[in-house]
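Two complexes follow with chain A in common, the first pairing it with chain B and the second with chain C.
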Partner chain A sequence: MGVMAAVGGDGDGELVTPGELLGDSSKMIAGRGAYVAPNGRSVRASLTGIRRVTHPQPDAADQRSIVEVVGHKAHGAVPQPGSVVIVRITKVMARTASADIMCVESKAVREKFTGIIRQQDVRATEIDKVDMYLSFRPGDIVRALVLSLGDARAYYLSTAKNELGVVSAQSIAANHIVSRQLLTVTVILRYC
Partner chain B sequence: MEYVDSLTGFRLDGRRPNDMRQIRGEIGVVAKADGSALFEMGNTKVIAAIYGPREVQNKGQQANNQALVRCEYSMANFSTGDRTRRPKGDRRSTEISLVIRQTMEACILTHLMPHSQVILIEFLVHILLKFFMYFLPKICFLQIDIFVQVLQADGGTRSACINAATLALADAGIPMRDIVTSCSAGYLSSTPLLDLNYIEDSAGGPDVTVGILAKTDKVTLLQMDAKLPMDIFENVMQLAIEGCKAIAHYIRGVLLENTKQLECRRGI
Partner chain C sequence: MSNQTIKLGAGLRQDCDTISVMKAGTLRLSKPNKYWVESSHKRYVPCVEDTVLGIVVDSKPDNFLVDIKAPTLAFLPVLAFEGGTRRNIPKFEVGTLLYVRVVKANNSMNPELSCMDDTGKAAEFGPLKDGYVFETSTGLSRMLLSSPTCPVLEALGKSLSYELAVGLNGRVWVNAASPSTVILVSNAIINSEFLSGVQQKIMVEKLMKRLQ
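Presenting the complex of A and B:
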């Protein structure tokens, strides 16, 4: 089910678990997520993740390649200004709506990021007539654009574009509503 | 009582002497923890949660040049047949906490953790030099907390706890020497039996709990509180080691499947 990187000749891209033998210390240097066993010969993995091998420069003094294991905790997606995110609305107030960021582009985030959609950022026209309570409801899944890093607490988000807005919602009668226009992004939401 | 049927050779629960109970592991069951896992061995069900590496809370406990590993074992009131209120920190749970802590300490690369954190202090020393950057290394010690709770007890809880803790540590992304797994074996009705359940455990026979580092073939835990002739003990221990290896194989499968799923979710 996974989309895995191609497995190279030296096992690059292979998934490994702690204790697995990565190579011989005469040919490999242990990088992050790897260690040299007490016998001083074998290089073993210390994390679960993908094995990466970096080959040395041809003119380097040490001709051994560096092997490292990139764990899943190592890199999480982080929202940046300009990136499109999928958020879940947590609270709606008169002038703002707060939301939890769940996906950045197509990647699920690891830790919790909060965002705020301000009244003036909900739509592009008639920005002073926006009623937040009619625009969002807690639990709505919204596609938004990150405007700025915001204050210390939350990112500033915007839905003022045609391709942005509520993607999936639940009506008071508990019927599931999915925006036809934005349907394509719901594929990602299965994993959130 | 006959623990192994003399006619069929089956045990009370229908297993053969060297059969293990069904095992199941699940990663990421506690949302707030840095790593968590659920591990089942038959009817024994254990949950483990890892918090950390985080800064040492009690400065008096910090060890020299390595991370502090703490472990707390507890049994839910409803985990056994008779519902009893258990005091926190009784002799049994203190002992098992210690056993689990020592076993996990042996596999965590604790020496990597005394994280030498560099903090930057900007000093305005001279107008011409404007800013001076002073690098002051500040050693900050880290601790890892392992919480294991028995949800359902049916013998072999300490083995299940160690297996759950291993899965949770791997989930937390804590560097480990190897995957440490544990399994018990006993000797009843002149037969070595793998993975004792509660009835067999309370028969009073010898119960050997073994913990090994599967890939590097090292023993990190060996417990037995009975007397057993040397040759029989070796057989029983060998049986437990085979059990550990089978569990390690399963745990690796769980970890790989979990990593694959995470990669897929991230859209790589």
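Presenting the complex of A and C:
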């Protein structure tokens, strides 16, 4: 079993491994990456990471600090069906395009996720006349919606909505092409 | 040059006010206003609407994988034949020679081929039986297909009867009744690459004399 780690404010920022004692359940609530041991009294770590203690809000009902283990890639963003992701197209084929998922909502992912955009999910109208090569090129940055967890290899993505699709690309002459929507956002941020 | 609109073809590019050359080769002009750079290579870069000779390398449920001397293998859909349905899919063995047309070609996807012309007819596309295949440069293929007929082919046709299929990807197929005719035609074609029209005729006459 693990070495006894300090309880309370001390030991914050220490590296812990699964099984290590983080504190007593009467003084701590188990947060992410921690659990209450079967005996009901100790809080132990379930992941490898950095121990972090969050002090309770002054008006919270439960006045115990929350201890969690952070820094593990399992806590990075994970694409869920219905979330909007930013992807980079890696391969374009006759009926599908493969993409590398880079951000979920506005958080960057910590590990590699692959997505596939099928011919019928590129747009909402005339889906059998879609030419994959005219819609996407390798290297394009695309905003897409996760349809489902897909198969073992990739998530299924869709760009069949007005606010989805290619947002940034490079032309053959290496000129940068940006969608008008993205340009508007950039201007607003600069003038705030 | 006076003020005119010109069309830039392969190998030429416009940068603001200047036109620069992207490939080594001969600058060609097609009246009234088309310019392009022509060069001869042993490698083939697939282009839409080119007719090429391909060799079947593998077959998948949806398409045949065909080698057309391009950087990647090309896909020939199993339904891209005249009257092709799921019930009468042709069975091509590995190594079959096909005369096909390039339908889709861009630099990030595998090229797509078809054994039909635009209207859906078979035209002359499909497998080629017997005969002899040899590889040439793309420049020689274009010369053999130029009109009026290339001098070497005309000279050969005066005294011999043979069948010829030329692929723009640098592959040529020759078929004739006897093997000696096939060998003579193939050698004549290979030798003719850098000869002028008159020299080609003289070369063919010399070869014919040897045959007799």
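Definition applied: the second predicted complex is superposed on the first by the 109 of 192 C-alpha atoms of A that agree within 3 Å, B and C clash if a C-alpha of one lies under 4 Å from a C-alpha of the other, contacts with A are read in each partner's own complex, and residues count from 1 in each chain.
Following the convention adopted for this analysis, contacts are C-beta pairs under 8 Å (C-beta built on N, C-alpha and C of every residue); 3 or more make two chains touch, one makes a residue touch a chain.
Worth saying up front: this structure is predicted, and the values here are computed from it rather than measured.
**Student:** Just checking: does A:94 make contact with chain B only, chain C only, both, or neither of them? Give me first, second, both or neither.
**Tutor:** After superposing on A, A:94 lies in contact with chain C but is clear of chain B.
**Student:** Go through the superposed model and pick first if A:133 touches only chain B, second if only chain C, both, or neither.
**Tutor:** Once the two structures are laid over each other on A, A:133 reaches chain C alone.
**Student:** Is A:18 touching anything from chain B or chain C once the two structures are fitted on A? First, second, both or neither.
**Tutor:** first
**Student:** With both complexes overlaid on chain A, does A:33 touch chain B (first), chain C (second), both or neither?
**Tutor:** In the superposition, A:33 touches chain B alone.
**Student:** Just checking: does A:149 make contact with chain B only, chain C only, both, or neither of them? Give me first, second, both or neither.
**Tutor:** neither
**Student:** Which partner reaches more residues of chain A, chain B or chain C?
**Tutor:** Counting contacted residues of chain A, the larger count belongs to B.
**Student:** Taking the two structures together, which residues of chain A meet both chain B and chain C?
**Tutor:** After superposing on chain A, no chain A residue contacts both chain B and chain C.
**Student:** Which of the residues in chain B come into contact with chain A in the complex?
**Tutor:** Chain B reaches chain A through residues 107, 109, 170, 172-173, 175-179, 213-216, 251-252, 255-256, 258-268.
**Student:** Per the contact definition, I'd like the list of chain C residues that touch chain A in the complex.
**Tutor:** 75, 104, 106, 108-110, 112
**Student:** Inside the complex, what are the residues of chain A that reach chain C?
**Tutor:** For this pair, the touching residues of chain A are 91-94, 132-133, 137-138.
**Student:** Which residues of chain A touch chain B in their complex?
**Tutor:** Those residues of chain A that touch chain B are 1-5, 15, 17-21, 33, 35, 37, 44, 46-50, 71-74, 77, 105-108, 188, 191.
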